[in-house]
Amino acid sequence: MIFLRRQLPLLITFVMGLVFAAQYYVPHPASEQLLTTVNKWIQIIGGFALVLGVTSLFHLHAVKIRRKEAGWGYSFVLYAGLLGTIAVGLWANGKEAVNGALTAFGWMYSYMMVPLQGTMFAILAFFIASAAYRSFRARSREAAVLLVAAVIVMMGRVPLGEYLVPISGDFSQWILNVLNTSVRRAILIGISLGAVALSLKIIFGIERAYLGGGKE
Amino acid sequence: MPFEMLLGAWVAAGLTLFIFTFLYKDNPLFKLAEHLYVGISVGYTIVKVYDTVIIRLLYEPMVKQGDWSLLVPLGIGMLMLARYFPKITWLSRIAFAFIVGVGSGLAIPRIISSYILKQVEDTVRPLVSLAAEGGPTFTYNLLDPASNLNALVLLIGVVSVLFYFFFSIEHKGPVRVAAHTGILFLMISFGAAFGYTVMARMSLLIGRLTDLIEFADPQYGRASLWLLLATVATLIVWSVRRGEQKEG
Amino acid sequence: MTFAERMLHIDRRIIFLVIGVCTLVPLLYPVGLAIKVSPEVRSVHDHIESLPEGSVFLLSLDFDPASKPELYPQAVALLRHAFQKNLRVIGMTLWVTGAGMADQVITQMARDLGKENGKDYVFLGWSPGVGSLIITMGQDLYKAFPSDYYNQPTKELAVLKGVQNLRDVNYVVSLAAGTAGIETWYVFGKDKYKFELGGGCTGVIAPGLYPLLRSGQINGLIGGLRGAAEYEVLIGKKGRAVAGMDAQSATHFAIIVLVILCNVFYLSIRASRGKADPR
């Protein structure tokens, strides 16, 4: 039983990991067929994984409503939005438009979800301005370099900046294409080496956090 | 103007303004909009996943085209749901092991090829051609990212930043010089990133305000303007009531 | 408190008001300054311009409503260009919450330019899996998407004639707002299936994509609303992106002034403290 609970998952990870790492280098039609079939399966299983993430949210707010904690009215609004969207969506068979005509599901998407999500992120513009004013100070030489680079790029990427100070456009292009590229390249190489190392650790069973909890 | 468009304009403008009220203070209008947003996005995701995975990827191929091999991924997917039952949680590990194993295996050679080999190749190749050609053909146009001078600057940048992040050796002597150069390059890059982030956030705000201006048109019954008045009035009433409650 | 200290602790709602005014006024009273086109946006445009009629163009709208103001205008401009060039357009998305928007933009642009679903374009919609989805598309498009967004079987569609997998696609452009975007299309797609890849992205992730641009892994990059405006200038049809540029200029200058002011006040406080305590 312990084999099934503890060793089997690690064995599956090991075998699958090695098979698909090797598959990349094997051009034989059977290997390509294996790649196609298993990736198709991963798509389907990935869909189930999405469902898991959602249910913890259900639970949290259901508890709030049941216990009538402070702000439970808002949890009720959340549930109403959730169930309303599901009901409307299933009625429209998951389609936002049928033959060019907007369904109720499409209406909810266009006139409720898009403005809500869009505005949630749009108010960040105000916070970035306020944060820049309060904390973007040239406390040291490095901070001053950061500041100057930021000002040049902000000026160079807008028509007014290029009109007033034409060189700012070229300068910001140089900063992006050469200086910024070199840094991002180094970071990309570093992160990729780390990702490869982590993947190898997972395949060889050294890293097991992905298995999650549960009784051994 | 079709009724659903008119109603939609009023609802969209109203919800947009409710969220903007957060800039004044956290208040019931914002909380209402915020919770509605979470509920609707999650509901939308659930509908889409159901339609795509259950209907289009499983039901139709299996029942209408007879592709019964899809029972395997269906089975593995169901194993994942065992997470909810404490006695058989261990079954879900098999599903996770499968996904993570395949994912790691697929990722390793692809990441090595795309990010490590290709990026190093592009850093080094201009210098190899420079070494082959020699002096007189050295191009130093700063505005051309492919010029030899820029290739050298790029190499210095990549190497010095890699040196900065290499903490296994002490940053002393020549390593210290390299690491400090790396920090300067990093600061310039962060400055550029900040500039672009400002650009992005402002664009998002411009987008929302463009919509609000559109909904202030007479054909929508000047939705934005009336709702702005209503929102401000509600905020004032709420502020006053809260002030009275605090004193009382 | 000195004036400088008071100014540094000013109520942040005043700053919000400044930003709000700087955004609203140029939108209501635009000036229309000239927009210079950058080489990275021009590359995408020139590549589409060079594609012969009937070439297969895949546009992956990998963003959600949060990034709509930046990427929707890019999608509009690219689709207009592609439809005008009579390319066969395949639309899809890697982001589940973006499916509705992707459907909307493709249907609308197709209607405006007189294109027919199934014959001139197809919208495949969303499917889970991201990297695995791209690999499956690279192996066999019809296994990844047995039906399109409107449940029509994809095998029978005229627009997909001769397209078995991603190797048969002439140009892929991914409009990305984050992970599950351009990098994913390269790592799981172009690396093995060797199609030409271009990108459009939000301003937040743009600087991180320059290494890919410089190494030729992507052949062009349309960055943010500014990139969309440049593309609109190139195709000669100004839209929302160009209209937003004046407000963009005003807000950027507002931030520059705020940052300079903040540093002036900060340095003056430091200088006065230095005078008071000359150690």
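Letters A, B and C mark the chains as written, and numbering starts fresh at 1 in each.
We take it that a residue touches a chain if its C-beta (ideal position, glycine included) is under 8 Å from a C-beta of that chain, and two chains touch if they have at least 3 such contacts.
Everything quoted here is computed from the prediction, not taken from an experiment.
Enquirer: With centres defined from CA atoms, tell me which chain sits nearest the overall protein centre.
Expert: Smallest centre-to-centre distance to the global C-alpha mean: chain B.
Enquirer: Once every inter-chain C-beta contact is counted, which two chains account for the most?
Expert: Here the largest contact count links A-B.
Enquirer: Relative to chain C, which chain has the most distant C-alpha mean position?
Expert: A
Enquirer: Rounded to the nearest whole Å, what is the centre-to-centre distance of chain B and chain C, using the mean of the C-alpha atoms as each centre?
Expert: The separation of the two C-alpha centroids amounts to 12 Å.
Enquirer: Could you work out how far the Cα centre of chain A sits from that of chain C, in whole Å?
Expert: 16
Enquirer: What's the distance between the Cα centroids of chain A and chain B, rounded to whole Å?
Expert: The computed centroid separation for chain A versus chain B comes out at 5 Å.
Enquirer: Quick one: which residues in chain B touch 2 or more of the other chains?
Expert: Correct list: 23, 41, 44-45, 48-49, 52-53, 57, 102-103, 106-107, 110-111, 115, 119, 145, 154, 189, 192-193, 196-199, 201-202, 204-205, 207-208.
Enquirer: Would you pick out the residues of chain C that each touch at least 2 other chains?
Expert: 16, 19, 23, 66-69, 96-97, 99-100, 127-128, 132, 135, 192, 207-208, 211, 214, 226, 248, 251-252, 255
Enquirer: Could you pull out the residues of chain A that touch at least 2 other chains?
Expert: Those would be 24, 39-40, 42-44, 46-47, 50, 109-110, 113-114, 117-118, 120-122, 125-126, 128, 132, 147, 150-151, 154, 157-158, 173, 176-177, 180-181, 184-185, 188.
Enquirer: Which part of chain C faces chain B closely enough to touch in the complex?
Expert: 13, 16, 19, 23-24, 27-28, 66-70, 96-97, 99-100, 125-128, 131-132, 135, 146-147, 151, 186-188, 191-192, 202-204, 206-208, 211, 214-217, 223-226, 240, 243-244, 247-248, 251-252, 255
Enquirer: Quick check: in the complex, which residue numbers of chain B touch chain C?
Expert: Those in contact with chain C are residues 23-24, 41, 44-45, 48-49, 52-53, 56-57, 60-61, 65, 102-103, 106-107, 110-111, 113-115, 118-119, 121-122, 145, 154, 189, 192-193, 196-210, 213.
Enquirer: Across the complex, what residues on chain B touch chain A?
Expert: 4, 7-9, 11-13, 15-16, 19-20, 22-23, 31-53, 55, 57-58, 69-70, 72-74, 76-78, 80-81, 83-84, 86, 89-90, 92-112, 115-116, 119-120, 123, 142-143, 145, 150, 153-159, 161-162, 165, 182-199, 201-202, 204-205, 207-208, 211
Enquirer: Tell me, which parts of chain C touch chain A in their complex?
Expert: Interface residues on chain C, with respect to chain A: 8, 12, 15-16, 18-20, 23, 33-36, 38, 64-69, 96-97, 99-101, 103-104, 107, 111, 127-130, 132-133, 135-136, 139-140, 143-144, 149-150, 192, 207-208, 210-211, 213-214, 226, 245-246, 248-256, 258-263, 266-267.
Enquirer: For the complex, which residues does chain A have touching chain C?
Expert: Contacts found on chain A: 24, 32, 35-36, 39-40, 42-44, 46-47, 50, 95-97, 100, 106, 109-110, 113-114, 117-118, 120-122, 125-126, 128-130, 132-134, 136-138, 147, 150-151, 154-155, 157-163, 169, 173, 176-177, 180-181, 184-185, 188.
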